[in-house]
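There's a structure below that I have some questions on.
The letters A, B, C and D name the chains in turn, as written, and every chain counts its residues from 1.
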Amino acid sequence: MAPPGKELPYAAKISLTTPAAEQSCLHNRWHPDNPSVTTIPLNTATKIECVDWTGGQIGNNDSADDILNVDLTRVHYLTGPFDIEGAEPGDLLVLDILDVQPLQDQLWGFTGIFDKGNGGDFLDDIYPKAAKAIWDFEGIYCSSRHIPGVKFPGLIHPGILGCAPSQEILETWNTREAELITACSHMDRVVALPPEPQSVHAGSASAEIKEKVGKEGARTIPGRPEHGGNCDIKNLSRGSKVYLPVHVKGAKFSVGDLHFSQGDGEISFCGAIEMAGVITISFSLVKGGMTSISKNPIFIPGAVEPQFGAGRYIYFEGFSVDEHGKQHYMDATVAYRQASLNAIEYLKRFGYDDYQCYLLLGCAPIQGHIAGIVDVPNACTTLGIPVDIFDFDIMPKADVDKKDMGVCAKTS
Amino acid sequence: MAPPGKELPYAAKISLTTPAAEQSCLHNRWHPDNPSVTTIPLNTATKIECVDWTGGQIGNNDSADDILNVDLTRVHYLTGPFDIEGAEPGDLLVLDILDVQPLQDQLWGFTGIFDKGNGGDFLDDIYPKAAKAIWDFEGIYCSSRHIPGVKFPGLIHPGILGCAPSQEILETWNTREAELITACSHMDRVVALPPEPQSVHAGSASAEIKEKVGKEGARTIPGRPEHGGNCDIKNLSRGSKVYLPVHVKGAKFSVGDLHFSQGDGEISFCGAIEMAGVITISFSLVKGGMTSISKNPIFIPGAVEPQFGAGRYIYFEGFSVDEHGKQHYMDATVAYRQASLNAIEYLKRFGYDDYQCYLLLGCAPIQGHIAGIVDVPNACTTLGIPVDIFDFDIMPKADVDKKDMGVCAKTS
Amino acid sequence: MAPPGKELPYAAKISLTTPAAEQSCLHNRWHPDNPSVTTIPLNTATKIECVDWTGGQIGNNDSADDILNVDLTRVHYLTGPFDIEGAEPGDLLVLDILDVQPLQDQLWGFTGIFDKGNGGDFLDDIYPKAAKAIWDFEGIYCSSRHIPGVKFPGLIHPGILGCAPSQEILETWNTREAELITACSHMDRVVALPPEPQSVHAGSASAEIKEKVGKEGARTIPGRPEHGGNCDIKNLSRGSKVYLPVHVKGAKFSVGDLHFSQGDGEISFCGAIEMAGVITISFSLVKGGMTSISKNPIFIPGAVEPQFGAGRYIYFEGFSVDEHGKQHYMDATVAYRQASLNAIEYLKRFGYDDYQCYLLLGCAPIQGHIAGIVDVPNACTTLGIPVDIFDFDIMPKADVDKKDMGVCAKTS
Amino acid sequence: MAPPGKELPYAAKISLTTPAAEQSCLHNRWHPDNPSVTTIPLNTATKIECVDWTGGQIGNNDSADDILNVDLTRVHYLTGPFDIEGAEPGDLLVLDILDVQPLQDQLWGFTGIFDKGNGGDFLDDIYPKAAKAIWDFEGIYCSSRHIPGVKFPGLIHPGILGCAPSQEILETWNTREAELITACSHMDRVVALPPEPQSVHAGSASAEIKEKVGKEGARTIPGRPEHGGNCDIKNLSRGSKVYLPVHVKGAKFSVGDLHFSQGDGEISFCGAIEMAGVITISFSLVKGGMTSISKNPIFIPGAVEPQFGAGRYIYFEGFSVDEHGKQHYMDATVAYRQASLNAIEYLKRFGYDDYQCYLLLGCAPIQGHIAGIVDVPNACTTLGIPVDIFDFDIMPKADVDKKDMGVCAKTS
């Protein structure tokens, strides 16, 4: 008999039964003073477990009440930070993402649309209610009882990964986002999330440090150019190589918000298929790489991706004229909204309701492209849906057999 | 001996020596009253020749003076309009794009950056000067003496294709764009192009019709959601199937602005490789398709595309924090600017100057994705450069051998 | 906290410490009387564990003595057979292969070249000695201390899968292979493996049944057209759909010989990366499908494959003229041998020795094509090596830096 | 107006109305004494026109009588030979294939099955009659009135390309093929084609040279390992890079037998879509490359290929048990025959007759793989058909709607 081998080392394991706020390997703010969980050696495949980004607030059931009432101060628990052997400010930390998998004893995830009054999202003025779809994982595939007729392989990836900001960068973030909040005070919506002491979690930090992190720590929403963070790039999957700027000694790398799948844009706020899981990474360094290569994150996707075939997508166009007919100036965000709305309208012909379509566009492997961005005043974007994720034919035809597609999880 | 076959029929041939404004198969405004060039039968491969979008104003030389002084009222000459057999308002006109080729006796094209004072473009506050690169075509490949070290296959496509607007739609366009011009009167830039009688060309129209077209006709910049038009989608290449809404009897289909290649976004205004060429299309109809399928253009790309391999792209991230450190709210346009600037900075390490990089990003087959568009306040976009279009290694490494890359065409 | 989900059901679990011959869920002959392990319901993701095909005879060490002395009567232990709910002769059993993974506590595998005197293989007249490479798995990637400079993602798949033969089909197999053995008695090599009572394992069968299986049971080498079996198709990976003829009630499906990766042809006999692992399958049926669809196995590969890019392969040509200059008539086997030898010769320039190259071609994701098979007397085959599995440049250049590549495991 | 550019230079133009045997830029034997047509400079895109491989014997009509009666001594007219600037024996001639196109005034081609009594081919014992399909080209697509329901983009390529043999290599060829003919004298078929003075064409050669070429010149069927020649590799299309051994001063490069499309194996002898056309090549040299790189031809396919998607093929398996149930020993040729027959059987369900299926497998972009070649006694091959070339659904289903598919061209 061959001697059994040994499993890969874990830098952190999480618990699905202990509250996230009580697990010392987790934290939910970006801050240089978050205490390091451990030091990870270079060039060693290392496993890191992550909770889902709500820290377990969402249940595998048919009600969206948990989405409606989600506590948004208690989300985005990241695993880490980890010191990486030898990392110093000015280096680029290089990640070889060797694998990303769901936890074997929790083979499901969820996609949510937030209520406009609690979180909101990309199309919340049109679809203001909370909704949810539960996805079951079978090997590399997922399917949902809430969106029948669809099955696809996950391009599994982390939504958030980055190194800690230096104190100086942290101040830059807080200043510029505060200025935006001030400038947009007339707008009837949350435009940015300032530091928030409520529900702060700083891992194993002392009370004093935790208070400091609460006051100053940057929220894990959004991504930021200096370190990447919450970038939500659907292609950062198995086999990807990521180069991240290092701003503090040891890098203090954190990762979380794993997605079983996501569409370009992750158009509902909680749009990817959120899950608890484990990521396997091998770290290395380019010393001084921020000077010699890039000050900002760059990446090279892996060679292993679903190949649907170039001709197996239906593409929808979106221009920067909004659904009320108003002309915007070169606004790619408005344009992508329109491409999304056109796609939703198309899918409804097959029997899906609006919220099912909206959920699907957030999490299926949709391609979202910036097509033309120079012809004033209309930015043009495109959104491509792979036809082979459906178990019926969605190619453009005049006669469509409308089916009974049930409903997604709704609020009671 | 086998009997020689016959060539495919031409719906229109253009001249490279007669001014575009004198060719009756061309026009440069969208208007329902442009006279039809001819009627094209259904399900018949038909060739249509097109001039380059400047109508021949740009020369194959090493000066960008022609770009600097380009007459922007005399551009975007489209071939058509063509009546399509049996097309009626409410139908979808289906195009099978069978081929797109440069004209065999003009095997070159150009990419231009407009002067900020005459046209301007995506990054004109940073790169205000005119510049140009001439590209030579060798089979499916192109290369430029102005950007050495690069060679790539063209994903050849039309930048503009669409059916004529109805009078009602035309009025909608003019109204909403006029409102934008009024609303943005404080901005120091051209935000939209209103109807312009100067240099109007309405094909074989009578003086009366031509005057009407000049007064009311919509400019060919930008694309618009009701008919597509100037969509600049780099993937509308050989093998694509396009579904276009029909608004007038006969459809009055026009096409032009052929690109040998383009990057997502076409980030310099004249960013694609502009060329004169010939497109082969077979037309068909979905009767009433605007009701049964889609009110907006949709398309399915062809199966024949360059396959660089998923892992052969370097991706740059861009967030909606601009280069001055200012925070914008969920602005994908700002975010894509930043991804572009990061990519330019990266390429400069190899010896290219800013304008060479800028030109290259506009025309090489760059992938521009909307990654995350829900994490307030930062939209995240990505821009991927295929590494295999370079004849040297551009993968991230600390030590780079800076080369002498010459210069692109500049103004005198 | 979300309630933990449940793992997928297992139809069989294997032990790495109990001899394969003592595990009742395994067997090593094809025979209709092998007792069924259990019944698997339709449309249910089901996990099945498998030993490596030598049943654990090969160790994770640097000697090839275990390969040299491998007991070939004790190999190819398959897991099963399983009754599939409702399957009857004449049906097609449809497998959705949802996932294939190595066992988490044995993250390594091996590639072997058999000694010419014990097993032999494709090139054994040129490379007669035993050799071995151990591969370590890191997520979806593998690398080997015995073949440095190489790392690639596994297209993980089962080498063997099929339903049990009926008694009638079994007799057909035994008759036709016996005839070949007789016809080839002049050849100095094993041309087929007849039934062999030695080391037969029939799962939980009674002594009587076991004796019958030993006398009549078909060996698991080779694949056979009536059921597939040992087909060694490298693309039967995650996401594949396989249609297998059913010959007995319940189908009696078996699977084994999992490969982390394999090249087309698996040119060394034990050429894939052999491993113990777990496959996740969902079964369904096409009733009467052998009549209405196909009498032979067919399959549709999954959409998730490594995408190296069409232009990232070096292809070698092989014609049916052998290495001694002898002309063979339209022999694609000879031709593929030549393509293999040409590829080995090419790779040696970089410092690898013959056996390292030979091992690599067996297990890396090599493309082996039948190019031309009608131009008498030369069949033409091609063998493509993906250049991106090497961490140095192997593109054709005159000047090559020969490196110290160490050695693979050899016999003592 | 921009000045018109100039077309690429032609090294040779052919005539469609003059008999091939009278055109001095053509020849139909491999011999070092064929006079050079012209000298082609290095690094210059150069166009070379080619006749179809029958030199125009086949007509665009609905009878296969021309195939039945084809004169096989008057086929495979190649264009050339061309001296390449600076090429010397021992070099590798490097071809960048920039484009391959049909002639614009003959936009059709043909696929033929030869009569068993005149040429024969891969399956001639089962399908002994002559048959033909005419294909019409529309841009990059082809379709045939003889095989309705199918349309696909051409992966256009040359079937034959190579440098002239030296006198010594020529003698090697003649000797080894003569030995095969002797050894196979008991077989009831043509196993190789010896030199044949009848209908020899040696371009502009003197009578004396022509006589020598007739006596000694190697036939253009088959490909040979020393120079490639008639390799029929379907992927040698636009963007490919080919490295060819040089055996005589100037290389004396020839090319011909252009295919609009071909399946792996080109299973009917005249199986590709044969056409007259033009190939654009840029030549360069690796001096001494036969020593430093490879003695045999190697190539790197282009990045531009039809991408049908990994999961959009149906694969058929073939083992080395023939259709009479006879067991062969590791014979990949027999195995590929079986895969072909299984595929034909499958396609017949949709209404095609045998000959239509056989023609289609020869010319559509079929993938033919050597799957397993070590499990005695059965070689396993696979043949994959892209489902997206059909305008109806050919995915495996029990209920099939058999259509009226007409017939291919047959003999009168």
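Couple of notes before you dig in:
By our rule, a contact is a pair of C-beta atoms (placed from the backbone, for glycine too) under 8 Å apart; a residue touches a chain by one contact, two chains touch by 3 or more.
If you want to know which protein each chain is, UniProt gives these names: A, B, C, D = Acetamidase/Formamidase.
No experiment lies behind these values; they were computed from the predicted model shown.
Ranked by how far their CA centres sit from the centre of chain D, the chains are topped by A.
Chain centres here are Cα means. That of chain B falls 50 Å from that of chain C. Chain centres here are Cα means. That of chain A falls 38 Å from that of chain C. Multi-chain contact residues of chain B (touching two or more other chains): 239, 302-305, 307-311, 388.
Under the stated contact rule, the graph of chain-to-chain touches is complete, every pair of chains being in contact.
Residues 307-312, 388, 393 of chain D are the ones that touch chain A when the two sit in their complex.
Chain D contributes residues 1-8, 16-19, 45, 52, 56-60, 97-99, 104-108, 138-141, 153, 238-239, 280, 282, 302-308, 388 to its touches with chain B in the complex.
Only residues 92, 121-122, 159, 172, 176-177, 179-180, 184, 187, 190-193, 221-225, 228, 230-235, 239, 243, 264-269, 271, 286-289, 292-294, 296-305, 309-311, 313-319, 321, 325-333, 335-336, 338, 342, 345-346, 349, 367-382, 384, 395-400 of chain A touch chain B when the two sit together in their complex.
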